[in-house]
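The structure's right below; bear with me while I get my questions together.
Order of writing sets the chain letters: A, B and C. Residues in each chain are counted from 1.
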């Protein structure tokens, strides 16, 4: 080998690599977007980001599973497409008793489960009691029940649910143990969908067992019997696809596309390439930096209204300097949230003034976010005698959330801001599942951290209650603050108010106090997540709760 | 020979046992864990405690290990929590492992089919431009990060020009599963379109995965043939006037293949590691991807079964290599 | 484990092959290590003589040298501070996620507005650091295990080699994964340790093979007969002779370390702090922009390929030069 012979080869290789790189930049952008022709595909394929859990929604816990169970199940209450508000579904109407403890649901008539059995009042009560009567491992697996209803029948003291009666076929009465703004809204959650009592019984549906470090679920949970436009056709675990087919006994309109296929593609850039190659018709959570490229290539980027909050949490127990309101305000003034939102979050993202988005009842429109004012921050720190304080500030790795596309970049921007006002930042990171969540909530290991929340349903309690209601165990360690107890109690009181107007006023007041007097953390932003479909797809309505229904969707050939 | 194999098998059991011990304690010493992975932002102190208890993670670690061992001996490795919730961990291995074997097999096939003839050719024409060119190409192959090459291939041939599919293992939705080797299953059930689709999906990832074994096998073949060409018995054969064909077939290739076989065996083990990256890029439903997922979600049962099985297989491959070595090398056989 | 057993000798040869990953021949290591008719100096001298004329070596060495020099002078020649987002104000996720070239910024900026050219130039420093330190760590670990096993043999050998077997039985990337994840906080150091850990068993096998081969060679027996202490035999007589293949392997490991570090970044386990850039980290983090701004990934990738090629060319030609057969 000589130099003369080898050098061109090296150059050639380099050239080949760079050429392929250049080819990427000027790729075709002239895909024929627009209206769908007369030819419509009989299969709609959607790129899902992760493998689903079980299809029995009671035991399901994550968004990827609910995306599928939503197509095959219905609840008493549903979600109005494109909003976070409830609407009638299997129940046509509902009325509370005077004391708010007994709710009467008038059921839709002529509805059948996909196995042909009738849906009636008894079926509702069977379902409610089935959830309430979970035993052993089933209790742990029914995570949403624990979260929203509390305990089970073997410990009724902590349960929101009390009992259920079915006076006739079209009526169900559900009794609860206390009033809360969450009920009956939580019945719109997918976990509490109605399933066929016959099939539940026959399939031994409650037979959840612990096995090693996990649970095993009964066969029923792979192919449950519910009420929905689709039913499960085949879950091909080896090929990572879930196929659904139209449910012919559905009471509503038959779906516009007969087959619905979810291809599991965890990698975001691969989902994009599959869409570009035409092998899927749409996918969820495109990276905000891709939106432009996707649109330029003729795809539709459906932006969902932001129904989330990103915040910077503070822990006054770990760092006593944070007990001083001035220090917490100084941090709020120091952060250039405007620039962060503009340079990192998608269009439509907003700086947050309070711990919930403006679509939630109880949002206080009079509040303004703390302005970016490093000088004020410095003087506040000086007043508090906290100049040169050190802040252990953490962010998660190996994760991207709808409210936080790239935690590291947000953290880097805020670190710079904090350092600019003289706060020393000790930077910490851990993998999301590799200790970050434990450190934030169980260990209280950081002074400041990034975290957020996507709402489950439209109620202030689902935001504020989640953060501050639980005095002892909350992430913000408000128990060491003099107002911590007041806040917790006021939140519980507000949640129990039956009158909507009164409740809204109570939450507005709490929001004001949180922003001005307490400031347990800094609300950062609301960021709209998106989903993308090819230009030939029609009829998809983006939902702020990511609760899209696919029965109205068509994809042109 | 038999004694040797038995001793090696016993050693293997020992290695896997020690590994299971290390692995068990190691995984549980990692920060974070299954409980946070399942609960996410929704975790409260109560739900956290309940889940920890339900999963038996609150017991002393020795008790946990004892239970694990007791179940593992009966073939029960527990259920998955997040990779495929509720599924038996060993079943996950059984569905995912064939995918990796299929991919590795085709990658190795491509590597061997190209590398041995080219290596031989290179050695016969040592220091020719062809030789130099091939050497450089093989070295470039090693220097390019696998995931980057995989991406370039995918981009050019799947996204830009729809020659091959972008990702996954198969397009058809109604294929019958027998062995989970998709190509083979299609042949067995006479669903030929299933096999064809699976083959199309195999091309790009196998080529990407083949680069490193190709480079390694090519170079060892070249070096080995070069060495054998210089050996006395080849010269003797030449001087005896044997035809070039006989010399090549009987003397050169046979002797030169010895180290090549070893290398192929060792590369098979290494493919498993390379597969993590290739499988990620091509969303391949194999063991590498399952490992990465299991790790991300701290799915202990799945991690344990996958790593132990992978280790067992690696040790078996090593054993097979040693045996094949004995079969090919007559000097070993005489003993 | 008696060296007289042919089955074990096979195993030893496999060990060597594993270590040299396919270059050279099955007997190369043993013979290279056992050349003892001449003093070591002349071995090196004659190798150097051949290397000087070898174009492959010269290309490899030139690339490697250029890389090292670049790493050393990079802070002085980089036009901008690689940690400052000069063009941050131009970054808009939707309309302009990655600012393009403009006067003063010939390659444009990255996703937080930092000068790409400066980051590439300064990136050579951390890249070299990762490569060198990972190799040194791997070598040090392998040295300890290899010397224990190869120099003393017997049960020490058996024990150490079982440990090495266990380490080798874990797929290398997974080992790196786990180590990177074990660290409570990912830093450049954890990346280095993760990458180095993969190399430890390989170095250990290599050294052991080389030392074992010498245990019964004439110069070692002679030294023992002269009453030289065991320690002196190992460190003064056996080890220097085993260094040839180790140097070769180190050169090759430099290249793989850099590539492995990139793979860790690709899998999201790299050093999250990117104030001081590293090419693998840049490549790994560029994945999310690879569709619309492929240059963010392609530039660091080309740098990595070029440097890895340089070290590989150098290592391969060193290997050839140290092969006693080529001296015939």
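Simple rule for what comes next: a contact is a pair of C-beta atoms (placed from the backbone, for glycine too) under 8 Å apart; a residue touches a chain by one contact, two chains touch by 3 or more.
As the structure is a prediction and not an experimental result, all values here were calculated from the model.
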- request: Determine the chain that sits nearest the middle of the structure, using the mean of its CA atoms as its centre.
  value: B
Which of B-C and A-C has more C-beta pairs touching across its chains: B-C
Statement: Here the gap between subunit A and subunit B, centre to centre from mean Cα coordinates and rounded to Å, is 37
Whole-Å gap between the CA centroids of subunit B and subunit C: 23
Field: Approximate Å spacing (C-alpha centroids) for the pair subunit A, subunit C
entry: 44
- line: In subunit B, the residues touching two or more other chains are 30-31, 135, 140, 280
Task: Note the residues in subunit C that touch 2 or more other chains, in rising order.
output: 56, 181, 184, 290, 301, 305-306, 309
Query: Of all residues in subunit A, which are in touch with two or more distinct other chains?
result: 1-2, 6, 10, 13, 17, 24, 273, 398, 430-431, 434-435
Statement: The answer for subunit C against subunit B in the complex is residues 6-7, 10-11, 13-14, 17-18, 21-26, 56, 162, 165-166, 168-174, 177-178, 181-182, 184, 255, 259, 262-263, 266-267, 283, 290, 297, 301, 304-306, 308-309, 312-313, 316, 325
Subunit C-touching residues of subunit A, taken from the complex the two chains share: 1-3, 6-7, 10, 13-14, 17-18, 21, 24-25, 268-269, 272-273, 287-293, 339, 342-347, 397-398, 406, 408-409, 412-413, 427-431, 434-435
- request: Using the touch definition up top, name the residues of subunit A that touch subunit B in the complex.
  value: 1-2, 5-6, 9-10, 13, 17, 20, 23-24, 27, 51, 53-54, 61-62, 137, 139-140, 143, 146-147, 210-217, 221, 234, 236-241, 243, 261, 263-267, 270, 273-274, 276-279, 398, 430-431, 433-439, 441-442, 451-453, 470, 472-473
Message: Using the touch definition from the top, list the residues of subunit B that touch subunit A in their complex.
response: 30-34, 36-48, 50-51, 54-57, 68, 71, 76-81, 83-89, 95-96, 98-99, 127, 129, 131-133, 135-137, 140, 152, 154-156, 158-160, 162, 165-171, 173-175, 177, 180, 182, 280-283, 285, 293, 296-301
- prompt: Residues of subunit B touching subunit C in their complex?
  reply: 4, 11, 14-15, 18-19, 22, 26, 29-31, 135, 139-140, 142-148, 151, 216-217, 219-220, 223-224, 227, 230, 258-259, 262-263, 266, 270, 272-274, 276-277, 280, 291-292, 295, 307, 310-311, 314-315, 318, 321-322, 325-326, 329, 331-332, 335
